[in-house]
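You will see chain A twice below: alongside chain B first, and alongside chain C after that.
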Partner chain A sequence: MTNRFLARLGRIYLGLILFFLYAPILAMAAMSFNASEFYQLPFRFSTEWYERLWRNDEILTAAWRSVWIAVVVTVLATAAGTAASIALFRYDIPGKRILQVLLFPPIAIPWLITGTAMLIFFFGIGVGRGTPSVIVGHVALALPYVIVVVTARLSTFDRTLEEAARSLGAGPFTVTMRVTVPWILPGIVAGALFAFAVSFDQFVVSYFLSEPGDTTLPVLIYTAIRKGFTPEINAISTIIIGLSMAIMLVAARYAKFGGER
Partner chain B sequence: MSGSLARTDRLRALALLSPAYLWLMAAVFLPLSAMAFFSFLSDVPFGGRDWQFTLDNYRAFLETPTYATLLWKSVKLGLIVTALSVLIGFPCAYVLAKVVRGRSREALFLLVILPFWSNSLVRIFSWAIVLRGNGILGSTVDAILPWDVRLNLMFSPTAIVIGLVHSYLPYVILTSYLALQAIDDSLIEAARSLGARRRTILRRLILPLAAPGIIAGAVLIFVPVVGSFMEPRILGGRRGTYYGTVIEDQFVAVFNWPLGAALSFILLAVVLGILALASPAIRRATL
Partner chain C sequence: MAVVRTEGLVKTYGATRALDDITLTFPDGGFFGLLGPSGSGKTTLLRAIAGFVIPDSGRVFIDDAPVENVPVEAREIGMVFQNYALFPNMTVAGNVGFGLEVRKVPAAERKRRVAEVLDLVQLGELGDRKPHELSGGQRQRVAMARAIVTRPRVLLLDEPLSALDKSLRVEMQIELKRIQREVGITTIFVTHDQEEALTLSDQIGILRDGRLVRHGPPREVYDNPRDPFTAQFLGEANLFSGTPEPGGLRLADGTLIPGAPTATIAVRAEDLRITLDEPAAPIRLRARLRQRIFAGAMGTCVLDWRGNPLKAIGRDQDFAGLPAQGDVWLSWDSADMIPLSEG
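Here is the complex of A and B:
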């Protein structure tokens, strides 16, 4: 076996993996343009399901709610997460390692456990289910991602720039806003896009925290799937997956996850 | 003088850190404590119900064999999905890190991990479309093969495993890729020039050095799969009863929150226990 043969085999394998990852998504998208209500082949092109979607108030309301919740979550998580990252980077805080370890539970504990625990707690303190609870939960899930991404960008920041600005008479606030933040801006943008994606795609926590009849889009889709599926679900799913992939493509341009800069 | 400066610095650090950490405290750590408290109650402590402290919820787990059986079923599902994802994902990460070169590598890497950042519910739904009877997979197989197979994988454990592997495969590819990328190519060259065969290089050099990435990916897959409930519900139908779906039922259908809290805590204990068992391996691998 020559090296070139093995390399070709490797590329074929990679192609198969990509097929496995994308084929079902593409099939689902194709079915949203198929006329048959029962997903029957042969394929006949139709935009009927998208037209129906446009007239479906329940789905449109849930979609709009998902979007504005994600925007609010993005603003809150990005602001709090960026502030925490700057503090962790700039100051020699006692117990820094513990603070870093505390970021893992929201990512590492199964969302089923976090979501049900939040439900119990919010009911216990009298807040109950509803959009405010959903936002509080989403921000907590998004925060660790923002902090990790912004911290990664901060590690490329030259500390002496802050010292130079300070020695020229700039106060700590001016240093942060005029020197540090502009440098880490790509990290902040990437962190914000991650936060948006975490909230917009979040199903489990929204499922336990949202009021029935007053839900986010993924929760509505889950309920609809369990009643039986229609190509309308394909249509809205296609829009969602297209939107979140587009967001992540933009985020990747800023964050370069895994890539060397 | 320097003492007071350190004091203002400490105040600034506190002001910058507190929004994020108070939020995590209120939305994650206090709820987990509340759940621990609830798991020892006989009924919910609001709505004017009578309640007292009890161990009944944990006793129910021990006395009803169904719970233990389902927990084992979920752990087994986690092990199968993790093993399959590592076996499929590691070679893929290897090709990306060591075979593909230049600009196409960046693009291919992005393509592989892009689905990971899209809606998991929607991806599970896409498998329901592909796997259902008379679905796309069934029709394709019928069209290719001359005999009638009537392939219907929907509502089977196989469907659940396929959907979960599809959901979590990008994790292990990502972590293995990062570990493999850190291996210096000249090490592999040196081993080759000293006469090591491909299999020896893989076993003695690449696998040990990539182990931290593989283990990290495996843990990131195993933990959420043990607690999965949406995937078994959609792809498993009536056969999709797992430990996670039982917990879901306690909160959204049966409304026995204290029992649900206890079952959740047992799951958390199992997950942490398995992580602790794996931690010597993780530590050895990362040193």
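Here is the complex of A and C:
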């Protein structure tokens, strides 16, 4: 009796969570296909906003900029993060524990503060605003995610595999590429997807570190909303959400660490 | 093939002396069994030879060349790990061919040599399988094939059979010996199983707390263990100590053992006779039978002599007339007494 009651309660609770998570998104997605500019009902299906989006050079330029920055950041952060994880796993570097612990706070520090700090830093060292600063900033934000995910996967790795490879004549580089990396590949893929998402969704750091005019998509959306909402923004947001969700689903699949292949 | 030699190897971990002055020669083409209880330093010695462990002092020589500046990957060794350490992302053929691939052996020759060695370990058909699709015994054979296909100078085996169940273990012991004979590689084999070491090895070395207690051909070491540790570790030996007198050895309970050669002697469990009536033999003791253990063809009797546990092993019919418990007579022939050095 009570069990069935609790089960039902649990299901309702889960339903509510999903509702509050997805209802706004679904509403926005629906409105991006509504013909009315002022979100008026009844709903009339239209792809007009997507067509307008397609002709909107400002948005397309910003989107392209966001994508290529995210790709560069993903490559850099994944390579650096994976190398760091393997080094931390393999060698007893002095202060290793402190180093590992220090990787976590940046995940928790509000991006507003990180962004301010970065701005001060880049001006302090005389680099100032600009695309290189944005990329370095994004890499710094994404790095801890990659390291955490790859390290988790590495913890399931059997070191004797590396020893076996060495006993068979493989040098450190071959051991890494042929034995270690294949095992942690799911972690590397998941880390890369996280890195991409961190960069692609990044607002604060991009906003602070970009030169005026060099907007990324989230920055553009923010400024556009302040000027006045248009369903075009709905359309691009819907596309971003679709993409982000796809990425996260794939990442979650891979991030099921430990799975035998 | 090669002669492996260690000279004064010392390795400490904190307060633990994992290796304490190990000087030992592993003969060319021989099968050397390293034996000792858990924690005695067997794995550390093997890993020092492989190059995974850097000794605090002392040196390793392969064919008279010191190897301290040669990294593991250049020492031309083959190693079989306790858990086999097969690469999970590669097939059986991929695993076995890895060492050849790393050495840039051309694909055609590689294929031929992999097939050849898989035949040798009787896995000819399984080249395309992944390690997780194999049984324990098959994985063991793959690990062996992978270690020998590169024709290493020395083959290092760390308790390679301990993960197998008993009947498979005996089968693999025979296999291991056959394969080693066919390829003739200098082999160093670590085990804590004395029977395994005696069966397989041409030479054995016994380790205790990082020290080499004894080494030599198995038969010689078994027949003449010299010290109490070796006597008790190799086979089941019962120790007796007392005060030497002109007539023999006077034990604590007053019994005189005529003809005892040293202050401490050992008598193997299989050389003890148990009788209900007082025997005519000149060497005899009164002891208490605690328990009889039936184990198929052979049986074990657990005895107590003045608080010291003793053990006798014999065919079940040898113990036929004995009660389950009670006072009995022990006796042995004077030829069965093994002289030992220290108390």
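Definition applied: the second predicted complex is superposed on the first by the 255 of 261 C-alpha atoms of A that agree within 3 Å, B and C clash if a C-alpha of one lies under 4 Å from a C-alpha of the other, contacts with A are read in each partner's own complex, and residues count from 1 in each chain.
By definition in this document, contacts are C-beta pairs under 8 Å (C-beta built on N, C-alpha and C of every residue); 3 or more make two chains touch, one makes a residue touch a chain.
If you're wondering where the values come from, they're calculated on a predicted model, not measured in any experiment.
J.: Is A:M28 touching anything from chain B or chain C once the two structures are fitted on A? First, second, both or neither.
T.: Touch status of A:M28: first partner only.
J.: Once chain A of both complexes is superposed, is A:L18 in touch with chain B (first), chain C (second), both, or neither?
T.: In the superposition, A:L18 contacts chain B only.
J.: Which partner chains sit in contact with A:R52 here, chain B, chain C, both or neither? Use first/second/both/neither.
T.: neither
J.: For the overlaid complexes, name the partner, chain B or chain C, with more touching residues on chain A.
T.: The larger set of chain A residues in touch belongs to B.
J.: Quick check for you: in the superposed arrangement, does A:A170 touch first (chain B), second (chain C), both or neither?
T.: Touch partner of A:A170: chain C, not chain B.
J.: Which holds for A:R129: it touches chain B only (first), chain C only (second), both, or neither?
T.: After superposition on chain A, A:R129 lies in contact with neither partner.
J.: If you lay the two complexes on top of each other, which residues of chain A touch chain B in one and chain C in the other?
T.: Touching chain B and chain C on chain A: residues 260.
J.: Please give the residue numbers of chain B that touch chain A in the complex, ascending.
T.: Touch residues, chain B against chain A: 9-10, 12-13, 16-17, 19-21, 23-24, 26-32, 34-35, 38, 44-46, 88, 91-92, 94-96, 99-100, 106, 108-115, 117-123, 125-130, 132, 134-136, 139, 166, 169-170, 173-174, 177-178, 181, 220, 223-224, 226-230, 233-234, 244, 247-248, 251-252, 257, 260-261, 264, 267-268, 271.
J.: Applying the document's contact rule, which stretches of chain A touch chain C when the two form their complex?
T.: 158, 160-161, 163-171, 174, 178-179, 182-183, 260-261
J.: Which residues, counting only chain A, touch chain B once they are in their complex?
T.: Against chain B, chain A makes touches at 6-7, 10-11, 13-14, 17-18, 20-25, 27-28, 31, 39-41, 79-81, 83-84, 86-88, 90-91, 93, 99, 102-103, 105-106, 108-114, 116-124, 126, 136-137, 139-140, 143, 147, 172, 197, 200-201, 203-204, 207-208, 218, 221-222, 225-226, 229, 233-234, 237, 240-241, 244-245, 248-249, 251-252, 257-260.
J.: Could you list, by residue number, the parts of chain C that touch chain A in their complex?
T.: Within the complex, chain C touches chain A at residues 50, 52, 71-74, 76-79, 81, 83, 85-89, 98-99, 102-103, 132, 146-147, 150, 156.
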